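To keep things clear, I will list the structure first and then write my remarks on it.
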Amino acid sequence: MTIPAEYMLILSAVLFFIGVFGFFTRRNLVSLLICTELMLNAVDINFAVFNAYCHPDRLEGYIFSLFGIGVAAAETAVAIAIIINVYRNVHSIHIKRLKNLKH
Amino acid sequence: MNYIQFFAMRPEVSLLCIYLVIFVYDLISTGHLRRMFHPLVCISTLLLTFLTLTDTSTFTLFGGMYESNAAIVFMKAILAFGTFLTVLQANRWLRSANTSYKQGEFYVLLLSTLVGMYFMLSARHFLLLFIGIELASLPMACLVAFDKYRHNSAEAGIKYILSSMFASALMLYGISFLYGTTGTLYFGDMSALITGQPIEIFALVMFFTGIGFKISLVPFHMWTADSYQGAPTTVTAYLSVISKGAAVFTLFIVLLKVFLPMTSEWQMIIYITTIASITLANLMAMKQQFIKRFMAFSSISQAGYIMLAVIGGSTDGMTAMIYYVLVYMVANMAIFAIIESIEWQIRRAVKRDTLNGFYESNPKLTLIMTLALFSLAGIPPFAGFFSKFFVFMSAFGAGFKVLVFIALINTVISLYYYLLIVKAMYIKSAEQKLPAIKSSRYTLVSLAICIAGIILLGICSSVYGTIGNLGNL
Amino acid sequence: MEQSIFILILPLLSFLVLALAGKKMPHKLAGTIGTLSLAATAILACATAAEYFAAGRNGAAQFTDIMPYNIAWLPLNDTLSIDMGILLSPISAMMLIVITVISLMVHIYSLGYMKGERGFQRYYAFLSLFTFSMLGLVVATNIFQMYIFWELVGVSSYLLIGFYYTKPAAIAASKKAFIVTRFADLFFLIGILIYGYYTGTFSFTPTETAIAAAGTVLPTALMLMFIGGAGKSAMFPLHIWLPDAMEGPTPVSALIHAATMVVAGVYLVARMFPLFVVHAPEVLHAIAYIGAFTALYAAVVACVQTDIKRVLAFSTISQIAFMMVALGVCTSTDPHEGGLGYMASMFHLFTHAMFKGLLFLGAGAIIHAVHSNEKNHMGGLRKYMPITHITFLIACLAIAGIPPFSGFFSKDEIITACYGFSTPMGLFMSGVAAMTAFYMFRLYYLIFWGKSHYAEQVELYKAGKIVEEPHKPHEAPAAMTIPLVFLAAVTCVAGFIPFGEFVSSNGEAYTIHLDSTIAINSTLLAIGGILLATVMYATGNSRITRVVNVVMHEPIKAAYHRFYLDEVWLFITKKVIFNCISRPIAWFDRNVVDASLDLMARAAQRLGTLVRPLQSGNIQTYCIYFLSGALAIMLVLLYIY
Amino acid sequence: MNMLILFIIIPIVMLPALWACRKEAQVRAVMVTGSTLLLLLSAWLTVDFISCRNAGNNDIMLYTASWPWYEKLNIALSVGVDGISVAMLLLTSVIVFTGVFASWRIRPMAKEFFLWYTLLSVGVYGFFVSTDLFTMFMFYETALIPMYLLIGVWGSGKKEYSAMKLTLMLMGGSAFLLMGILGIYFGSGATTMNIHEIAAMNNIPTATQYIFFPLTFIGFGVLGALFPFHTWSPDGHASAPTSVSMLHAGVLMKLGGYGCFRIAMYLMPQAASDLAWIFIILTTISVVYGALSAISQTDLKYINAYSSVSHCGLVLFAILMMTKTACTGAILQMLSHGLMTALFFAIIGMIYGRTHTRDIKQMRGLMKIMPFLAVGYVIAGLANLGLPGFSGFVAEMTVFAGAFEVNDTFHRTVTIIACTSIVITAVYILRVVGRILYGEPENEEHKKLSDATWDERFTIICLVICVAAIGIAPMWVSSLIADGTGNVLANMFP
């Protein structure tokens, strides 16, 4: 028996918006990063699902999600690096401490 | 599949070569060679501009994933030239103690963003586009955070990277639905299959937010001011001109190549965002004290004006857009070069009041700054006037009269805050005067180029003519 | 008559020379230049007039207009254009003589009167300017040229009244004179514009078709023009500027405000006379009534003034009113059928110019002698300055209308004309004539008879009451007395000029014949007036005088204040226009129009400050805006759009 | 080689020359040479133009030439002059020339002052010679912006405020204007930007005209001090340095009237004739309102600024009457007002430079202290209140006569209302003259003051001569202008 596509899409959507919610609510830069990862993964799921269910004849979706994962990793790397940099300067990675630049 | 295709994408390949050369040179060069480093990069980027322009033929590669034609080549050339200017201005900053040892990294990162933009422009497949965008924005984040001993730089960096990730996530989400409805990622096929159903509208909006983030249109602009202010001035310049320009070009291409069936929809989106960008940015800019932050808002409203050219979606629109970006580039570059020199001298962020009585101490720089500001404000006989006029013309021709009117009213506000700086420089008297600013030779060269551009780009219609003759996408 | 152009050029030249180079010149030279050029002008003018009167008659034995010069000065449109030129006609020829002669006399007189004054050259420059403009006015070939020189005359009068520009009174007077006349000229201009538009020409003699085209509008236009004339000729209630204008140097008053400029209005009406009498008789009669009232009013006021120049000023107003009445009572262009008034008016204009000029110059001599305008500083002057006394007496007899002096003849014609119009008018005007005799002789006695102010002063000085020795009144120098004598001579003989031969309403020769009854009546009335004056004022202060002063105290006071018309004027200018119109408008401009614009600017600024907090610096809020913006756009697309 | 292009080239060449100057003497040399050249050029142009006309050359525009600039957008640098533009060029040259002498002793930064001054004149000349919508607009804005620095840096009083206000209001005006220009261009089918070709096609839909005529007219009207958009003028003039207020009131405000006539009405005749009444009311208000509010001002420059509002109002008023005579009168009025008001501002500036006050309450008896300036002021005043023999009279009479040609109650009424301004003018002029020039000097400092220097005398004399020349011999200039207005109106209502 197969799981209907809608469920997958709903899963991905839920995942995506959990990511969004987390991004809006968490106070720690790393957890913000994790939330963005969640969002990106939701996207990857989407691509895979669409490929598998709607357009099984070609592989674009899968490939896209592969690339997505790769790019996400790269982004994470850069982000972590910058977060470390922030920690060096601020001795904290709490979002509230990053308000030098405003108005 | 034949690997010759790779060498057909001449600009990218030559860019990569330069990229590798610099990489290696960075590793091996010491002492005297080290001192040759910067000139070398300048020359090579300039060279790149011309290399890019060599092949203006229209062709597609990789089964239509990659396309190149005269217009795209010209856009790339503009970006490359902008990079050249940036490198010129970066000179002194790169020599400074905190950055000299990572000079090479700067070049490499800079060029990799350029590669990304090149692909953004040439991509005819969402995968390639996505990679291009990421390639353009990730190194950019590193550049923004380049001054690693400065709090603001790091803060700007993190804000940039996080919001860009957020943006690209949204964009990808949108793209995924497009893929779901059409089953392809090639622009051509997709536009054939798009029907404009709600889910595709959703996708369109999501995609638009992703690009709108890079163009920094309201309401996707919030990161701009902070990142501009925090980033090293040279990077800010690059950010405000090159990556913005690349994003605008990309948006135009994608809207025409993919979303043609949904023209009325995206015109609506642009309509809203344009009004929002111009108005809000103008209001914000009026009260800014830090020049870099101020320039951020000015660049947001400028982006709004560029959108006036995009909204028509016509060939005239494209011409006006490219021309506008070019003109905007020279003006902005000039201003940032001057800001950079001042900061270098006084070792602190430049505020508007810092510029008080700037004329007594540095008449020439003031004049250049004035011309650049006038050009941004769209005052004849400087290039900015022409670009603005053409943009308005194309939007008006496309029938967006009210939009043009609102934009025109906004020009008065923008004139007001540009004049505030002019006023500070000429009329206000300073409590402690600025020293006579000594810019580096490279900066002077770039300034000279910019001024030439500001004055000549408008008066010599040939530039516009060339752009106009590039033909369609 | 080509030389006639020089009549205009010479004064203009002397004006330019004196104005540009005057400051460098010594007084004598400047005076000589002015006087000589004027003399030349006078000779030319008389020659031209003589030539005209000799040759001017056409086959029908009528004088016709001759236009030696007429150029299109400013073409307005295809039909209409403002011309400049010289028009010779009986009245303009007559005016040429009057103006140049009086002006010459004044020039000579001023050599003595203005001796050593600061700005002597400026004075002569202005005199030349005035003469030029006045001559240009009378020879105007069309109404618009007349208007142009009309304005120039006005401004030269402004400059001359304000000649003593450090005297506040003079400044105020000059301003008042200019603005009041300017106000009248506004109507004049509108009248001209209407006239020009409907008749399609500015000339004095439009074609019948043009007049037909104008139709009913013509009377309006003529009325408006008359208002302009009333302004210059000081008809009630626009006369208020004239008494103040006496602040100027006395010779100027003689020239401008007695002899020439003030009759411009009369001249204007006379010029347009054919139109008036044929197409707007009702307007003409209105003029007559206005004139009559003015004559009475001025006469009444003149009876109680103490400043001798003001008395003369009001007598001038009254006499000009006589001329206006004379024109107004005309009913046809035929001098035999009710057109007499035209001739009479011009005749009176001529004679009046002479004797009124004489009076003013005499007054000038007196003021020169006693350094005051006030009657109480005079009295008993006849033994100190005999020539002035005699000439002044002659002038007074003339203006009172005692034969055989010139005034008698002209005034008699006027009264005859008035009787011809209607008996009440005739009676009324003869009454006013009697009053004229009264107040003139009152003036005469106050100046020359009674006990000498100088004598009193001397006694006081002897008694040690006052410190500085009073200086003795002395006869004026020759430069001043010669003009007096000349004018007096003219006054004596002018009456016998067969004026009607030259000037009449239709250009035909008209032989003046005295209507014996009217002549006798008016003479008797005049003598009566003189006698009354003699009784009241000949011997210092008589009992009757005191009685009258007590009985009629209030009316006299009111008359002395000219029935408070100047207060009304002040109220209108200062209170109404300045405080109630101009101030509020200025306030409105600053605080409403301008403020509303500033408000917009401030609103933008305020908004700028309001939106700043959006940029909270917190990346999460940024992304919230980001997403909500995206969603908002989506909603717009999905639902609203 | 087209003669007209020189009008643009000469000032442009002057710019680098000025930038190269090191000493003040050099700056003055450059300015005098340049402005004299321009003066001679325009004089020659006038003579040549008249002779061409007499030779029977009846083209609408003479010396026409066109260099394609942005072919794709039908933008060309096309030049050409008719009587109107010739008169305006003459005016500009005279004002620029005299302005140089009026600011002979400008301090500090003389070089920069003249740089911006010249840039401004580039704009003005360009505007008057060009016949292409885009180029006209470009030069128009070029002329506006230097104003900011000229007033802001070298001005007096609350200069920053006034400069900003002036610039923003005028730029707001030009925003409307650009809207109108685009409307005209696209309304006429987006085939050409040359105003004569557009006028010849005369194919702008009436509905479109109804939208864009008001926009264009107001756009120019702001510069023409059209009520209620005139409030930049008092502050701006009050704060501006002498030669700048001369140039601004003398020439720049004329751009407004010229543009209204040449662009707004010429290209959109139907809307012009239908909507004229609105603007006629506004202009009538400006005429009377400006004069009345001038009466109670106490600052010399404010008085003059308001009188400028009144006089420029008369210009627009006359234009809107749309009869040949009235329009000719309007141009004459521009000419004469330009000269008169320049003279006025020059003298006021000179007086201010000595007494350091412009408050008429604090000045008295200047006639004794500085007779030359005082006499100049009186002459300017008399010219201003329309005394025959000076240009003002000619202009006003032509205007009124022309306005009277429109025979209906509405036009009659407004004309008569407008006529009253000549009395009100007399009131405020004489008030000032009587107040500050006459009487005995009271202020001890003022008694020590000196009379005009040679350069000031030169300025005044030049202007007085011009004013008087037009006033005494108006026929040639009026016929010169009349042929221009005649052609325009003929094209408007064929």
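For reference, chains read A, B, C and D in written order, and residue numbers begin at 1 within each chain.
Heads up, the rule we're going with is that a residue touches a chain if its C-beta (ideal position, glycine included) is under 8 Å from a C-beta of that chain, and two chains touch if they have at least 3 such contacts.
Since the structure is predicted, the reported quantities are computational estimates derived from the model, not experimental observations.
If you average the Cα atoms of each chain, whose average lands nearest the overall Cα average?
Per-chain C-alpha centroids ranked by distance to the global centroid put D first.
Taking mean CA positions as centres, which chain lies farthest from subunit C?
Farthest by centroid: A.
On a C-alpha centroid basis, what's the spacing between subunit A and subunit D, in Å?
65
If you average the Cα atoms of subunit C and of subunit D to get two centres, how far apart are those centres in Å?
Going by mean C-alpha positions, subunit C sits 38 Å from subunit D.
What's the distance between the Cα centroids of subunit A and subunit B, rounded to whole Å?
27
In angstrom, rounded to a whole number, how far apart do the mean CA points of subunit B and subunit C lie?
79
Two-or-more-chain contact residues of subunit D, please, as numbers and ranges.
Expected reply: 168.
Do you know which subunit C residues sit against two or more other chains?
612, 615, 617, 619, 623, 627
Quick check: what residues of subunit B touch more than one other chain, meaning two or more?
158-159, 162, 166, 170, 225-226, 416
Just spell out which pairs of chains touch, all of them.
Result for touching pairs of chains: A-B, A-C, B-C, B-D, C-D.
Under the touch definition given earlier, write down the residues of subunit C that touch subunit B in their complex.
Touch residues, subunit C against subunit B: 604-605, 607-609, 611-612, 614-615, 617, 619, 621-623, 625-630, 632-634, 636-638, 641.
For subunit B, which residues are in contact with subunit C within the complex?
That would be residues 158-159, 162-163, 166-167, 170, 198, 201-202, 205-206, 208-209, 213, 218-220, 222-223, 225-226, 265, 268-269, 272-273, 280, 283-287, 413, 416 of subunit B.
Using the touch definition from the top, list the residues of subunit B that touch subunit D in their complex.
The touching residues are 316, 319, 363, 374, 379-381, 385, 389-390, 392-393, 396-397, 401, 404-405, 408-409, 411-412, 415-416, 419, 422-423, 426-427, 461, 464-465, 468.
Inside the complex, what are the residues of subunit C that reach subunit D?
It comes out as residues 72-77, 80, 82, 144, 148-149, 151-152, 155, 158, 162, 165-166, 168, 171-172, 174-175, 178-179, 182-183, 186, 189-190, 193-194, 196-197, 573, 577-578, 581-583, 585-586, 589, 593-594, 597-598, 601.
Quick one: which bits of subunit C touch subunit A in the complex? Just the residue numbers, please.
Interface residues on subunit C, with respect to subunit A: 612-613, 615-620, 623-624, 627.
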